[in-house]
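Below, each structure is written out as structure tokens.
In the two assemblies presented below, subunit A is common to both, partnered first by subunit B and then by subunit C.
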Partner chain A sequence: MTPGGGHSAAVLAQAAARRDIGVFEWLFDPASWTGPAGILRSLGDTATLCAAVIAAAVAIAVPLGAVLAHLRRGEVLATWAVTVGRAVPTFAVAGLLVPIALRRGWGAEPVPIFTALLLLALPPIFLNTYTAVRAADPAAVDAARAIGMRERAVLLRVELPLAATTVLDGVRVAAVQVVATEPIRAFLGGDGLGRYVRDGLGQNNDGLVVAGALLIATFAAATGLAFTAVGRALPEGVRRSGARRPRTERKERT
Partner chain B sequence: MSRPKWWRIALALLAVTAIAGACGGDDDASDGAGTDGGGESAGPTIRIRGQEFSENMTLAEVYGQYLAARGFDVEILTPAGFRTEALDALENGQVDLVIDYIGGQQTALDPDSETSSDPDEVVSVIEPLLEEKGLTLLEPSEANSGDALVVRGDSEAEKISDLAGLDYTFGGASECYERPQCYLGFTDPEVYGITFADTRTIEFGPQLGDNLAAEQVDVVMWGTTAPQIEEHGFKILEDDKGLFPAQNVAPIIRTEVLEAHEGLAEALDELSAEISTDDLVEWNRATDIDKREPDDVAKEWLESRGLL
Partner chain C sequence: MHPAQATNPIIRWEYLVDEWDQISEALVQHLRLTVVSVALGVVLATGLSAVALRFRWAATPITTTTAVIYTIPSVALFGILVPYTGLSMWTAVIPLVGYTLLVLVTNFVAGFRAVPAAVRDAADGMGMSRVRRTLGVDLPIAAPYLIAGLRIATVSTVGLVTVAAVVGQGGLGRLVLDGLRRSFWTPMVVGSSLSILLALGLDLVIHLVGRWLTPWARRRAT
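What follows is the complex of A and B.
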């Protein structure tokens, strides 16, 4: 036997999955879901970080995009969001930030991964907000001004509601990207849903890699579907006045 | 930034292909003629190849340049792959000489055999297995590029057993958590029986040092030749229960090539005896931290020892 050959099953279970474990055998084993390395805990970690990132991205990108679009400013920023913003290498950004964060005493998490994911989430939300506010029906905007609305009210009560569907679309795209990318944090000293892929790769355990990938893909898909459902649940008026409104409807109303 | 580098790699590849082609021709000729440029050597060209990490690339350069200086007909190939590829290339005759680590060889050749921290015991396992493949293991160097449990300089622990009462947070790569010679051995009551306060999974490499320095973890599973250990003022704990397998550096050569060159075994043994673990650390610092080229580092070391 090897020096450590006598290790108990409990020690092994805490540390790693059996190397020849089947994908579904692992997924359907209740033990895989509980405990500090369990799927529920990992899902919670991933969901928390992603929610925080999306919340921050919405808080920054929506007001910025809306105000700039309303003022007809910031074309350059919008162009930048399309081109440069989408080319930011998330893993490299997070990886470069880790040693810096550690040296400053911020810890390996969450600053580096949060920043990297935020940079990933900002462009689609900013771009959709900017484009949709800018494209809000000029007739409606003019009418709002004609009845004496202040600029602030024009933006908040006319342009933004008209843009809501497209803005939400941007948030959905960003959220799916963030959820699908968040697992890189497992390679940067953190955990979350990516841990199973990381451990599977390190321990030569294909079952774990595939199961981990399935979990990540499922969660990303579920996120997308959840935002679609939210879009459907928007108040009727907002939804119908959105960018997707068929042209015929306007004729009926006027 | 990246363009010149790619050009360099492309050029290097081209050059190597050209040399390889030329030497292939040479080889046939010298077999018949029995002479080439060298002094003591009359056999076929010795093709040496490093594995794709800096320490092993430097080792291949050290052995290659040394043999060339001793008058052997040597060709240093472009580094490729890791242990599996090295063994494959030796077996199918693409490469004649590789420099590897004995404990790793044992895990590759006989995964179920008992590992040992005693190099002689590891050699006794792998020597016959290599022989079956037509390969000869030469005398291992005392240089050991193995596992190391590393703590910050101000830690009160000196040996691994001392960790038992310290309630430390452990950091290691994911593979460590399923290996008996790693996490399982540390926590196994029959071996070290240490209880860690928490564990963190960290990619193997400089990240381990960054996390240890930032006190995210208190002890990390690293390697004896990581140059960052000294850089950060960390210390390596003594493996007082002999859990880690010996990973001494040793040349592995195709037996027919070894026998074709008089004095080759002696030359290799002499060089292996010169290399120490500290030398490996020094080379890794030069290549990984100072970003120097392995062939340059090898040349400088050989010159400093009067071996060129």
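What follows is the complex of A and C.
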């Protein structure tokens, strides 16, 4: 294969801009937002992948964390999530999976980057679910058992609602990390919001690099704010009961 | 993602021999970027923690700032610096230092806050100077927290250095990018696996050095 063969598709659809273009001149030009290399398309690519990763991470980590915490097991996994969770080498994991995926005929996208981002998203969601369910008010749990609730109902109707705020906080942390890390995808054979930094670096175009960087940072910040807003919109009862218990828990942890 | 996958046939073993110079150069650059960034991070975090511990009002702004820096996407932060620092080492080092601060400051402050007031009073009562008390009493008690912070900061820095390859730095990350560009899998596998092994190796080294430096912490550990 010729040099650059790996990127041939991306090269064809490179975001093009004048070398001396101003950051905001490019951002406010409607032409930058449309077309196959447009911002809207890239934003859609990034948002779709991140949403899929977060959905999968929630589907795995919340049930796992909740059940293990309810059964009072899995200490090791929780400790592991604290230490490893901060340091998942997403780029290396994806870089290792790309050749494997290509060789198996899955293509450079989206299996490697999806898997790498999933590994990044799991620890904070698992950890928050686990600690919050474990910290659910024992009085409430005892009361639920005393009125004859089955274990399943204790978990689903008492412990998890009490844990909801903290679980959502874990999802927020995971989502911000995923959105902040996803742009490496543009350097591993894909596109998404990272493409403007990549294309700008390739064309020696600082304006495009900085504009791309601003887009990435803005989307990550917006993701964090969106989750905070969702947290505020939770039903009053869940919010208050959930917020009270984990706060004491948080103090113990630090 | 497991190092054992390096035995996968997608690796061409001659490459390891033929290109050993390139691999070892990338490994050395990776290690250098990590050590420089973490060392600068420790210096900066020590100063910030000292301020946060001395002046109560400063603690919240300092932790909030480091938390905000931590959430800035790495590709974005590397990219924003390109017009100022070009493709030099600083474009990689400045963000890497910034990312270490949250973990380091949090652990440093927690460590020194963990010193029991009675111990501190006893040291003062014995007539220890402030400097002697800090180094001889507070520091040994805080040490396990400092070492834990150093481990997390180092391991995550090793991971982020690979991302710095996008701005022309990045040690082992460059092997990954070069391999992808040439559709040659071996450098990708070698670069990724070595960076993961480097992270695990450095973690183990700091853990062992920490244990050796703090024999008293082992007895208390549960």
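As a convention for this text, the second predicted complex is superposed on the first by the 226 of 254 C-alpha atoms of A that agree within 3 Å, B and C clash if a C-alpha of one lies under 4 Å from a C-alpha of the other, contacts with A are read in each partner's own complex, and residues count from 1 in each chain.
Here is the rule we use: contacts are C-beta pairs under 8 Å (C-beta built on N, C-alpha and C of every residue); 3 or more make two chains touch, one makes a residue touch a chain.
In this text, all values refer to a predicted model and were calculated from it rather than measured experimentally.
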item: Which of subunit B and subunit C A:Phe91 touches, first, second, both or neither; value: second
item: Subunit A: partner with more touched residues, subunit B or subunit C; value: C
item: Touched partner set for A:Asp191, first subunit B, second subunit C, both or neither; value: first
item: Partner chain in contact with A:Gly202 - subunit B first, subunit C second, else both or neither; value: first
item: Which superposed partner A:Gly107 touches (first subunit B, second subunit C, both, neither); value: first
item: Touched partner set for A:Pro99, first subunit B, second subunit C, both or neither; value: both
item: Touching both subunit C and subunit B, counted on subunit A across the two superposed complexes; value: 1, 3-7, 98-99, 102-103, 108, 186-189, 198, 201
item: Touch list for subunit C against partner subunit A, complex; value: 1, 5, 8, 10, 71-80, 82-83, 103, 106, 110, 151-152, 155-156, 158-160, 162-163, 165-167, 172-173, 176-177, 179-183, 185, 188-189, 191-193, 195-196, 199
item: Complex contact set, residues of subunit A against subunit B; value: 1-8, 11-12, 15-16, 19, 98-99, 102-103, 105, 107-108, 186-189, 191, 195, 198-199, 201-204
item: Complex interface listing, subunit A residues touching subunit C; value: 1, 3-7, 83, 86-93, 95-100, 102-103, 108, 115, 119, 176, 179-181, 183-184, 186-189, 194, 197-198, 200-201, 206, 209-210, 212-214, 216-217, 220-221, 224, 254
item: Residue ranges of subunit B in contact with subunit A within the complex; value: 114-115, 173-175, 177-181, 183-185, 187-188, 190-191, 200-203, 206-207, 210-211, 213-214, 216, 241-243
